[in-house]
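Look for chain A in each of the two complexes below; its partner is chain B in the first and chain C in the second.
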Partner chain A sequence: MSARRYTIEPRGLASARVRLMVPLLSVLAALIVGAGFLTLTGNSPWTVYSRMVDAAFGSGRGFAETLVSATPLILTGVAAAIAFKMLVWNIGGEGQLLMGAISAAGIGILMGDGVPAVIALPVVVLAGAVGGAFWASLSAVPRVYLGTNEIITTLMLNFIALNLMNYLVLGSYSPWRDPASTQFPQGRPIPDAARIPEFFHRLDYGLFVAIGVAVLAWALIGRTRWGFELRIVGDSSDTARYAGIGVPRKILGVFLLSGAAAGLAGSLLVAGILGKMDPRSLDLGLGFTGIIVAALARLNPLAVVPVGVLMGALNNAGPALQSIQVPSATVTMLQGAILIFAVSGEFLIANRIRNVRKEEVPGLPPGEAAAT
Partner chain B sequence: MNESVWVLTIFAAIGLGTPLVYAIVGEILAERAGILNLGVQGMMLVGAVGGFWAVYQTDNLVLGVLMAMVAGALISVIHAFASITLRVSQIVSGLALTIFGTGLSSFIGKAGTPALVGTPARNQFGPILDGGIADWPIVGPLLFGHDILVYLSWVLVAGASYYLFRTRMGLTVRAVGEDPASADAAGIEVSRVRYVHVMLGGALAGIGGAYYSLVIVPSWQDELIGQAGWIAIALVILASWRPWRALFAAYLFGAAGRVNFTLQTLGFSVPSNLLAMIPFVLAIIAMIVLTSGKRARLLGAPAALGVPYSREQR
Partner chain C sequence: MEAVPAIELTGIDKAFYGVKANDDVHFELKWGEVHALLGENGAGKSTLCSILAGLYRPDSGDMKMDGTSAAFRSPKEALAAGIGMVYQHFRLVPNLTVAENLNLGHPGLGIRISQRDMERDAAHLGERYGLGVDPRARVWQLSVGEQQRVEILKLLHRDVRVLILDEPTAVLTPQESETLFRTMRLMASEDRAVIFVSHKLREVKQVSDRVTVLRNGQTVGVVNTADAEPRDLARMMVGRDLELAAREAGEPPGEPVLEVDGLRIPGERGLEAVKGISFRICRNEVLGIAGVAGNGQRELAYGLAGLRGPTAGTIRLLGIDITRAPVLSRIRKGVAYVPQNRLGMGLAPGLSTDENLGLKSYRWPPFSRGPLLIPGAFRDRSEILIQEYDIRGVRPGLPIRLLSGGNLQKALIAREVSQEHHLLIARSPTRGLDVGATDAVRRLILAERKRGTAVLLISEDLDELLALSDRILVMYEGEFVGEVDADEATREGLGLLMAGHREDDQ
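Now for the complex of A and B:
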């Protein structure tokens, strides 16, 4: 008579323990899946994972590289987190990052040498935010004023930006292309005055800009009236309308801020480690990985920082795997699995699974319940 | 005459558009049932490497295509489970599928010994007719000069169109995509219909991927299919969720690289990077012009597309 059945019921606010455990278990589950594939292909998961931890955290240089990788991911993570929280499905972080990079490099090249760093550096960095916000506006304005679904438009704009970047450097003699590179086209370097100084191996102060943006986003959403109204919009746009909140302007605002954060990721790369806008050295996928960061951080801008470091560590560990004859794609696979488990875990946060004895099924006497 | 630039261009467009035909029709089936699957890119890649691996092992092209279908359908279950059973965000879940599928395909390609990467295909699809009517002027190559998968894609388009708009089951699918609550009330098992069509979409995307690894390229390398999965998602909109239009949309945009070559032959020079933007730009314009607000109904976008269905919450 101990037959059990499970019921699934929605729950209100999940406890802090559940909200913390689900992302942690998502990572663990992804590591287990990855271990399965590694074992199937004759690799020792233990060796692979310890090699990854060692590459990402084992040395000062390795940790610096992890933080270098984390910097853009924190920003694209914030971009996705603030948008998704308001049910604005901006999946165009990738394109907004690239437009940020294109804008930053464009302004940097336009200014040329001779502009002092106090002006050149902020202008180049902010140009990225403006470029990203502009690229987001191409989806945001139709969404807000015409009701056009932003999922498809932001997605498509990623590939337009990607092809534009390739065109500017690889496909034409635009100002973005280094005129000295004739055989193998490369991006034209921006002036040294516009470069962000490094302070620990290749790590530069851009990291603190990224963390600052995450804290600002958290404070804006959690600690201001604007953010409070924004959260109401995110919960229910009907409620927000009844409360007299201008929903379209709120959505437009958060959409543009989201684009600006992603664009900033692009300009910090250009003004930081890259020093130019170059298709061959600019990592692709940072915008999409930002969505993983946001999902695992459960859309909390502060949590985006440690999760961004974790994803940066994974990105950074990829190349190290090749030295032990393990495909670096292991990392992409793990990241995809993490996202799958993280998004699926939202189900556990929204719902409670209880197992109840059949005898306890309400409305049925024990005898009948056993008979069914 | 068969060597003329037009015949060669259209012939190439059909060949390069064929993987898109499979992927678009697959995505149309899923979206008609109300599930937006942004995992097309991942499913195509897994199908491409799966089909390639099967042919590498068995030298059997039929098994290769079957393996591609199974691989695409199996991996699509991830998205089906997350979006249908767990009712989490279809957008995030689909992207997760693409990221996972991209990583998995690359992993499979490099993990074995010898690695699949860089190995030429052991066998590949070729034209089913050689000479004879395939040499007739113009219609010869364009109608009779293809491999079997091109003809099967024509059958697929006709079949999918008939299925969606002329059969009772097709009506059921569209009902589930338009108004799942009413469909549920009418006794339709919404979840089952959605599962089946997401998996059909996965199987078809798998064939589309295998068309690259067994016909177009034919070999395996990382991200073999370029941006094809994303182009397919764009073209579903341009095809306004109709299989016949998908056929022409695919041929129109499948050959972006080839069109460049043609234009150069005719004395124009358009950079290939800019041409590659066209399907994405047109998809955005189509979205803005046609799917805004109430006009979405005219275009044929399923009303419940992307909305999780929960019986308790209707």
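Now for the complex of A and C:
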């Protein structure tokens, strides 16, 4: 009797090949599933995909737009990656980004014209980081000292930040609202001195700030004492306590840094392509997409950069699809599919599926082995 | 003619991932008796009970209830057949009342439920068995002892005929234990059967009719409690010893290194775990702390390492008061600590061997310069330690959890003893290791003694304690119940002390 069946067993350690191939194949699988949907809705997957590639990478201008979209995603991706790696479930990147944008615009408007760029630009950009860190602190402090659940608090603070932004521009005559806009309310532009210069179509130097932050985060975690302590805390908080590391302060620190990175994404938008904090021109969902970016990058801050560019390309391809009568929501669906496959792929990195004969299963009655 | 036994188990085998927890176990339970299941940790008591209660299925062997074959696929089936178990971790719904918990999952429960009827039944049941609990109280408001009563009432409400209590007295005060024993006797007098799992000899002696002793997953013997001397039971429970590295007469103990006076340390659930103990350890001395797990050993180790603050007493290291010193300051002053659960505390399983070996020295040169780590220094140190302590299977850059248990332990001890230290605290350092690794670890500890370190060896393994210690203190319920010189100690004597027989009882 050939009683063959499959068991799943932990893979001690995945080889580099497996760790690289699984995410790539996850993206491929998502594209295949997406192709199925496109076919069902009467579109040619080939046309749609080639159109998307063309829009994202086909021209200098398209590539610049891809990188413009990628800039905030790299930062929100880093924000999620460093937090998740330490088991801090900060899903408030969205709200922290918005607070960063509000703070950056607020400082810019407060300074007004006449402040030289060498001062105005760094102040506005850093204000975003401070604003994001402040917003994160509203969840981080209760988490660390009272044990509240940061998933809930960060999530709820996203909505508060969103409504605050809307209120400041759409619902009140706050300093953030442009007094010159009489027809529709709009955000008040920040001084030109605080704007980041563009160098390639709409692409500005903010991209390098984002990449710099990713590299810095990587170096901080891998090459410093502080980062070593963080990795110990993330791996086993009991061991960290045992080694004399102050766990609460480490968690607080990484939480605030995560918020600062997300807030920086907001200030780079305000000081970059937007030039103001305006609810209508600020893309929503960048903070949440950052979580997808971090997951696909397997929480490695360096890997966040290429993954951020990939997600930026997808975002950028959306509008291009509408010109061939394909809903731009297709892109959202593809992003979702990629995330699902990537997360499922994680399982294959951690475990292997083996085809075994029944007798080989050590010490497990049939019912239990089948259930695992 | 002999009455048909309530339960008869023959040749029960149960393995978990190749490790035998029950190996050809035989067990017979009669109606109307309280039957104690005695054995050390890991002897297979809980596995056997879980098989009876339908939680696990045996790999092989027969089970008969009332003379007919029985096989339970789930606790629900076992409960339907009249077998119920009170686990060490309670399975109650904290937000529901006592009466609601009693009726939860009860087959007689209809769609409409009457709070008043439920409460009345609960009160009657509690009164009858001497297990009074307010039926309207919510479970989270109850003490641990009361929650245990609810667990028992829940099973009585289902009219179980076989009640299994897995180490029930571990969470009870002596007075609560007495009440529980009366309830157990009452149930036996109603021709039900009670299985009482314990490793406390005194309790076994007090409440049971017969005792089945398990060791290493096997049945060692069945005796009538009345005929059994506690020392015989202790010997049956702990077994014989095997030859491994042992202490030789060495340097006489030197100056005192650790002086503990009147130390009190809180445990879980607000109970006090260490209740005012005093001792001292000198250079070139191994002080063994014997005791059954859960008698305050963990809290003692935590208290000395700085992981849990004492409520009273003082700890002095080389004359300096470190009672309130944080962990880091104790590491600096020379406290080395080998915790019991290597991968849970002591090592960071996901980090590399290099990083784990530097877990306590990374703060200082050459491992770091200012805020920056120097990876080369980690690598150099780790190469030396791997060589010196014969740590095998290390692959550079890969997580340390891939090493075997023995090599993990060697790595952990290597790190602890390779930096300047005066005191080494080791908890069950050879637990779960094979003979070769056990021997290696014992040698490391003896080498420490020779080198002048004061060693505190906290262990449940009597062989280990007798082989390595100069003196042995026995800990029972947070206090020292006896001190013996290792040369005069016998495992029987220690076994009695560990089970709570004070020296003056004898």
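In this text, the second predicted complex is superposed on the first by the 353 of 372 C-alpha atoms of A that agree within 3 Å, B and C clash if a C-alpha of one lies under 4 Å from a C-alpha of the other, contacts with A are read in each partner's own complex, and residues count from 1 in each chain.
In this section, a residue touches a chain if its C-beta (ideal position, glycine included) is under 8 Å from a C-beta of that chain, and two chains touch if they have at least 3 such contacts.
Just so we're clear, the structure is a prediction, and the values are computed from it rather than from any experiment.
Visitor: Of the partners chain B and chain C, which touch A:W89 in the superposed model: first, second, both, neither?
Guide: first
Visitor: Under the stated touch criterion, which partner chain does A:I119 make contact with: chain B (first), chain C (second), both, or neither?
Guide: In the superposition, A:I119 touches no partner, neither chain B nor chain C.
Visitor: Please indicate which partner A:N163 is in contact with in the superposed arrangement: first for chain B, second for chain C, both, or neither.
Guide: first
Visitor: After the superposition on A, what does A:V53 contact: first (chain B), second (chain C), both or neither?
Guide: After superposition on chain A, A:V53 lies in contact with neither partner.
Visitor: Applying the document's definition of touch, where does A:L24 land relative to chain B and chain C: first, second, both, or neither?
Guide: neither
Visitor: Touch test for A:R225: chain B only (first), chain C only (second), both, or neither?
Guide: Only chain C; A:R225 stays clear of chain B.
Visitor: With both structures fitted on chain A, tell me whether chain B or chain C touches more of chain A's residues.
Guide: Counted on chain A, the partner with more touching residues turns out to be B.
Visitor: In the overlay, answer first, second, both or neither for which of chain B and chain C A:M333 touches.
Guide: Only chain B; A:M333 stays clear of chain C.
Visitor: If we count contacts the way the header does, which residues on chain A are in touch with chain C in the complex?
Guide: 12-13, 223-228, 231-232, 235-236, 238-245, 362-365, 367
Visitor: Touching chain B in the complex: which residues of chain A?
Guide: Within the complex, chain A contacts chain B at residues 10, 37, 41, 43, 84, 89, 91, 138, 142, 146-149, 151-153, 155-157, 159-160, 163-164, 166-167, 170-172, 285, 288-289, 291-292, 295, 327, 329-337, 339-340, 343-344, 346-347.
Visitor: What residues of chain C sit close enough to touch chain A in their complex?
Guide: Spelled out, the residues of chain C in touch with chain A are 15-19, 57, 59, 73, 305-307, 326-331, 337, 339, 343-351, 355, 359-360, 362-363, 368, 371-373, 375, 398-399, 402.
Visitor: Which stretch or stretches of chain B touch chain A in the complex?
Guide: 36, 38, 42, 78, 81-82, 86-89, 91-93, 95-107, 109-112, 222, 227, 230, 233-234, 237, 271-274, 276-277, 280-281, 283-284, 287-288, 291-293, 306, 312
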